[in-house]
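Have a look at the structure below before the remarks.
Every chain is named by a letter (A, B and C) in the order it is written, and numbering of its residues begins at 1.
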Amino acid sequence: MSLQPFFKRPTGLIVAEIAALTGAVPHPDVPLDRLITGIASLDAARPSDLAYCDNVKMTGALSRTRAGACLLGDRFEPPSLDRCAVLRTKDPYRAFVTVVRKLYPDALKPTSLFETEGAAAGATVHPTARIEDGVTIDPGAVIGPRAGIGSGTVIGANAVIGPDVQIGRNGAIGPGASILNALIGDNVIIHGGCRIGSDGFRYNPGAGGHVKVPQIGRVIIQDHVELGAGTTVDRGGMGDTVIGEGTKIDNLVQIGHNCMIGRHCIIVSQCGISGSVTIEDYAMLGGQVGVADHVTIGERARVAAKSGVMSNIPAGTTWMGYPAMPGSAYMRIFGTARKALK
Amino acid sequence: MSLQPFFKRPTGLIVAEIAALTGAVPHPDVPLDRLITGIASLDAARPSDLAYCDNVKMTGALSRTRAGACLLGDRFEPPSLDRCAVLRTKDPYRAFVTVVRKLYPDALKPTSLFETEGAAAGATVHPTARIEDGVTIDPGAVIGPRAGIGSGTVIGANAVIGPDVQIGRNGAIGPGASILNALIGDNVIIHGGCRIGSDGFRYNPGAGGHVKVPQIGRVIIQDHVELGAGTTVDRGGMGDTVIGEGTKIDNLVQIGHNCMIGRHCIIVSQCGISGSVTIEDYAMLGGQVGVADHVTIGERARVAAKSGVMSNIPAGTTWMGYPAMPGSAYMRIFGTARKALK
Amino acid sequence: MSLQPFFKRPTGLIVAEIAALTGAVPHPDVPLDRLITGIASLDAARPSDLAYCDNVKMTGALSRTRAGACLLGDRFEPPSLDRCAVLRTKDPYRAFVTVVRKLYPDALKPTSLFETEGAAAGATVHPTARIEDGVTIDPGAVIGPRAGIGSGTVIGANAVIGPDVQIGRNGAIGPGASILNALIGDNVIIHGGCRIGSDGFRYNPGAGGHVKVPQIGRVIIQDHVELGAGTTVDRGGMGDTVIGEGTKIDNLVQIGHNCMIGRHCIIVSQCGISGSVTIEDYAMLGGQVGVADHVTIGERARVAAKSGVMSNIPAGTTWMGYPAMPGSAYMRIFGTARKALK
């Protein structure tokens, strides 16, 4: 692919190493010592690149590719191209991702934006903060009193870590993010501009105006969570707001106070989750979904993009629409309306 | 409740003080000198905690609670628990909030994230800025020329206050927020990452592309307003964008140029208010509502979450749907569609 | 209009200069040497202000205006006001904008918030960064290794420019924004809190949780683009995310990885564009629109606010609803439903 200045140019892997890494089987006569130093789509690939093909729509590109190597699904005819070293595998994309992760280790999580080692001169670290060895703190970051940061974690430029916040090991906090009132596990990535631990939105209406209800809870973010840029997670009112292990949340999502989000959920960009919502393990929410307060979304449930969830969703079902309803009911209503017009 | 490290542990109130503070009436034989040092739900409460019960769904938890004291609505049977000091009151939640505010004064508004007094060493304050005594400025904050900040206000770490901006007393600006072209009253809370006073979105289409229309207006934020994390308020094009006294706005809301938002409104997360919209006093907008430009939403009107408002809404009415319509009309259409399928 | 402290008070233009600048034709006997030092609406204008009238709804205000000069459309009766110098023109608003741009040059793009010249003392610039003469860098900004910034560009307070990022000339990066993995053209305005170049949202589901797919692409932003406050643009997965010349994007918009956005598009606040979407030149998206991944929106197509686009949209058409459909179909369905209830 085109010149790529933002990540370290891989030293590369030879075809035999790619086969060993992925379990893919090289075709006979493939040059096992060919060096692959990059990745690309079939269309864009150059002779030093690895590509993959796992979809019938890609077969045109496959027949023309200039890729030096290609991970190919079992059911595809190999291209009659001497120049492309074909490796057979059941799940080409999974194998491809395995190689990408090996080639580009510096893209696995955000790194220092200043190529800092340790704490940069321009960072402000409170003397009572407990910073383990091997922490990177970029210029302009502010680390508050008694905050703790584990080894291998990178605190981005101009990020703010509040008092008593604890962040585990091998994580990354993006530039300009702020983390307050939170306990954060290991291997957590929080991208730039996230606002973690602000006050929940709760007032008591009164004659003289709305009376603010103090929010004294916390945010708990478990291991291997990733939060996209600009996402906001409010702290609990009395208890905690919890994001479970391995859950991945996209950009500009709002998580209200006291939400309990399970493990390995997927929440796409611009979702709005009201207060005290429960989302069980492995649930998936499309983009711009809204969820009313105190609702429960069951394990492995799926909610289509832009839905408005106003009632509990049973485990394992797919819902859509506003108010959200089971996908089958939605399709009947929408289909009926369309047909009535024909 | 569980160990809570992020706010100062309350010194506590005895039951007699809670009664005096709230007007609640202790049951006979209640130990008036019992010390309460925390708050919790009925389920989570420990003997040192105050809880409340104002809902029939809570009566199960009430019968089992370990709370040392409980604010109880008039219509509820008291638990037959010696360990729980019962205080009777008409509005238990209101009384409860009154106690929480007394116990946790440091949760009423954001405090310094660095436990700074005055201006931190790492802050950059322009020599012409007018900073009253008793202002707190956290590390990394930047205060521009001729900006004015009133006593008791906290400027969070890495916040940016532009030239000539005036901020009143006893307010708080969150970490990483930026405030430009704005006049801000007293007791205003602006959470982390808010962007106040950026250019409105206005272009004049032309053959060679869109021509930017300079935006020379201001943002006026009156007393006791609270803005959630990541919210954006554009400045007026020629006149002002105004947010009225006591209005509370949640996270990630967009307020367009020249909006006039009244007093004591509630605007929930991720609403998008286009330019030149008028929202009258005490109106309430649910989450993810969109409002088209130049629309007026009347006093005390309510708009359901996710609605798209394309026309004026009369005072005191409840609207929903997209295009938004009176709730009764919406319910008829939606009910009809559902019934047709049964 | 009212006292306006945030932009430099214009030195002003005389009526003859306004006529020359815009091509508008002064009425006979108009005082060509009258000095105009501000702008306002007809209602708010004072004798030193220029106003305009291009809409029949404005004629009441026109008859009462105190404006010193007014740009008036051909089809309007001039006011019988000696005090208002009338200038005739076909397109009064366009002429008005031309004057505003001349009067308020400092509102054409964001300027230094600290009235900095060059790099402020409190900025952190990596020694390997290449900063042209005439760049302004506000306090707290962090410029990474090998980053390049062109002459006339302003880097706002606490903004972060990552390693190797290139930014052209005469642009502006707002306070607290962060730009990573990006190449940015000339005359680009990126408002406060934007997050450019974060990781796209892509995981490979697996037994032990979701496996992050490294994102090694870039963000390319062409000349004359403007991005509103808090907007996020993810970098490409393998290729690039591209925003074409002259495209204007509002606040809190999400642009997913590998999107190709054409030239001179308009994307209103809170839109969410999924990954690998193509938006062709001059397309317009209303607020809160969502677009599913891999969809193409054709040249000059228009999408109504809050629509959910799940399929390709042909060039030049107007679509609305969720799922989005041609406007005519949507109107028939919605109209039928309403009529059925009468």
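Just so we're on the same page, contacts are C-beta pairs under 8 Å (C-beta built on N, C-alpha and C of every residue); 3 or more make two chains touch, one makes a residue touch a chain.
The structure presented is a predicted model; accordingly, all values stated were derived computationally and were not measured.
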*Rounding to the nearest 5 degrees, give the angle of the rotation that lays the CA atoms of chain B over those of chain C.*
120
*Mind checking chain A against chain C and telling me if their interface is mostly the same residue numbers on each side, over half, or mostly different?*
different
*How many angstrom between the C-alpha centroids of chain C and chain A?*
29
_Multi-chain contact sites of chain C, meaning residues that touch two or more partners_ = 140, 158, 176, 193, 230, 252, 270, 288, 337
*Touching chain C in the complex: which residues of chain A?*
1, 4-7, 39-41, 44, 93-94, 97, 100-101, 104, 107-108, 110, 113-115, 120-122, 138-140, 156-158, 174-176, 189, 191-193, 224, 226, 228-230, 245-246, 248, 250-252, 263-264, 266, 268-270, 287-288, 305-306, 334, 337-338, 340-341
*Residues of chain B defined as touching chain C within the complex*: 124, 126, 140, 142, 144-145, 158, 160, 162-164, 176-178, 180-181, 193, 195, 198-199, 201, 203-204, 206, 209-218, 230, 232, 234-235, 238-239, 252, 254, 256, 270, 272, 274, 288, 290, 292, 308, 322-323, 329, 332-333, 336-337
